[in-house]
Amino acid sequence: MSIPMIRLDHMSHIYEDAEGQEVYALKDISLQIEPGEFVAIIGTNGSGKSTLAKHFNVLLTPTEGTCKVCGMRTDDLDNLWKIRQQVGMVFQNPDNQIVAAIVEEDVAFGPENLGVPPDEIKHRVSDALKRVNMTIYAKHGPHLLSGGQKQRVAIAGILAMQSQCIVLDEPTAMLDPIGRREVMDTIRQLNAEGITVIIITHFMEEAVQTGRVIVIQNGELKMDGTPRSVFTKVDALKSMGLDVPAASELAFKLREKGIPLPGNIITKEELGDALCQLG
Amino acid sequence: MLTDITLGQYFPGNSFLHHLDPRAKIIGTMMFIVAIFFADSLLAYSIVTAFVVLNFIISRLPAKLILKSLRPLWIIIVFTMGVHIFTTPGDVVWQYGILHVTREGIYQGSRMTGRLIYLIVFSSLLTYTTSPIVLTDGIEHLLNPFRRIGVPAHELAMMMTIALRFIPTLLEETDRIMKAQTARGANFTSGSLWQRGKNMIPLLVPLFVSAFRRADDLATAMEARCYRGGEGRTRMNELSYTYRDGIAMTAVLLVTVVLATLRWLV
Amino acid sequence: MSIRLEQVMYTYGMGTPFEKTALNETNIEIHEGEFIGIIGHTGSGKSTFVQLLNGLLHPTQGTVTVDGIDVGLKTKAAMDMRHKVGMVFQYPEYQLFEETIARDIAFGPRNFGLSEAEIDERVREAMDFVGLDYQTYAERSPFRLSGGQMRRVAIAGVIAIHPEYLILDEPSAGLDPAGRREIFSGIQRWHEEKNITVILVSHNMEDISRMAGRLIVLSQGDIILDGEPLDIFSTQQETLRSAGVAVPPVTEVLQYLQARGFHLNDRVHTMDEAISSLYHCLRGMPHAH
């Protein structure tokens, strides 16, 4: 058995609000993510999904229970830098995570912090930029790039640290549809190369592209399964204030109206196939 | 538009000067600036002029940049000239009321203004041919020996790097907030000085809030990327001296020695 | 009553090496009471376009008139006219600056010289509009609110000016479905009750097909499509794709089913209409039941 990439055991995160009341941002969450998985975490604003993601990279530590990354406990300070090297994070605002005024310098930032020798850094930087398809922008200033390109630079910065896992906290929220597609294409390809990808998003069409969907609501884990098993629970998702892919919703509503469709439709192709079999 | 301002005034190029090590350029520039103050004869000024012109030719930058570098400081140049012309005692060549111009004044004024112009032009050559990042790197390296006496060389350099990185972003943000408040009837361009100052609040508060938010985000992002200060950190582009730097330093040294000799020994 | 662009062109950084034309020569009229959706990817010229509408940018060429008055002029009439066009920028919460919510919302009305009594009335009305209780929130600091609430305060600050034309740039960016609904239900109500013109810039095609009566598509500084949204969605898919924009998700599913031989109507505004379109199509089929 390989070591799980991430393992949470009855993990809670409690903070004090303005009135000094203890509030559970996350409550009793247990889950395990294996190396190579492609996971989406969805939930409404304020559901706790970003708080959850920050635990994977030790930007936060559990108040109760444990969080282990590659078998290392995140509350043990000795593990801090090893974990951060293993798990890279991409944040929502592409402007606020680029450190250097030249793309390749920014990609080099992580490995420089890790003390990697200069020649090795150069090699890693050019390799990372190639993998996110940004090689021709190596010498550009980041303020001249589009949002999607900036996020790809941020991803390259993590690849250059040779992280095994990338956690993306709403990486596409501030992007236009083209930028969104660029980012999704890039992370899908990286996942195919074996990197564990965890994406927090509120775009359902992005969650559908993953292999596993985790639903967080009021700090609690509400659903965890394949996109198919999650997105066919149309009523439950709607009552949590979440969207579902258009094809799932159409299929669900037609079944309510008495059309005998199977209960596992989440894509337009599946809906088309099922409707053809009716006719 | 605010975002049109080019920063650091770096003009990318491929000349001999562009390829010099930043440390050599910084030290060379400082040395030459000192040398400029040695000059006090016509011959010495000719040498200085020749050296500045030669460097501009080597840099392959358009000549109009010389004027561009002087433009922001023309008031100081004119002021310097004026002060010397009108206040130096000596042979009066022209008089009007209490104002009088002396031969010595003209001489002294031209000398001081000349030095000032050469100083500005030559140091702009440094920023024109060196990217801000490389310049920062050079400064960090030059400050490194002073770390033992408590100069935070790495931190200073990191601060400069981040400032350079965020200036375009914050300019864009300023433009946006200004427009948003203008759309709500704010007026940034007219009224008394006091009124105008007060009118800046709707711009400055959101700008500061935003800058702090960005700083907070950036700190988190840097931590997530294993940043823990300068200790144990390596650099992708290490600085290294080449034969070019040797040539450049020798040239500057030579000029300095010649100017010093002209001043004190001839 | 309308906003009119005549031979308008806009170029950034005229006379510098960074010169770039953001909007090519454009002629267009926006009528009173319209609900217009504007789409186009980043760099298509859409933000330049909307900023020209209320004089935040002055055209390099041509004229922009609001209700017949040239907003590019420096006359009193032109300045007053500009207040008729309200603009909600993207992430408007980042422009809040006052100590209390009420004072922030009052900023616009105060600048436009209303009396204290009028200002107070406007603030109450605007807070009601965005669903923030006056008693609870008026004296609170806007910086202690959640992101969605801050967004609503910022929108209230523009509403309080009583614009006749309201421009919104991605007002729902970063909000979940519930937050999106809250913002839009207010705007729709305002549009219907007061007959104000709404110009909505958005990447969310679903929002546009649900609310807009007219759609303008920009690409590389040109208006490439201008018409009824459902017409555009059902006949201009290729043009839309080449401009880097997509049809609404529901429409996409229906169009896919059409391509597979189902005879159904893809001209739907909402999910409910899509379901009934599909349901009727299936009922018409011989073996469906």
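Each chain carries a letter (A, B and C) given by its place in the written order, and its residues are counted from 1.
Everything that follows uses one rule, which is that a residue touches a chain if its C-beta (ideal position, glycine included) is under 8 Å from a C-beta of that chain, and two chains touch if they have at least 3 such contacts.
Source: prediction; values computed, not measured.
Interface comparison, B-C versus A-B: the pair with the greater number of contacting C-beta pairs is A-B. Farthest from chain C, judged by the mean position of CA atoms in each chain, is B. One inter-chain figure worth recording: chain A and chain C are separated by 30 Å, centre to centre, where each centre is the mean of the chain's CA atoms.
Each chain gets a centre from the mean of its Cα atoms; for chain A and chain B, those two points are 44 Å apart. On the chain B side of its complex with chain A, the touching residues are 131-133, 161-162, 164-165, 168-169, 172, 213-214, 217-218, 220-228, 232-238. Residues 1, 4, 173, 176-177, 179-187, 201-202, 205-206, 209-210 of chain B touch chain C in their complex.
Residues of chain A touching chain B in their complex: 57, 59, 81, 84-85, 88-89, 91, 93, 95-102, 104-105, 108-118, 121-122, 125, 141-143, 157-158, 161. Contacts from chain C toward chain A in the complex involve residues 41-43, 144, 146-148, 173-179, 203, 244-246, 249-250, 252-253, 256-257, 260, 262, 271, 274-275, 278-279, 282, 285-289. Put simply, chain A touches chain C in their complex at residues 18, 44-46, 92, 146-147, 170, 173-174, 176-179, 202, 205, 241-243, 245-247, 249-250, 253-254, 257-259, 268-269, 271-272, 275-276, 278-279.
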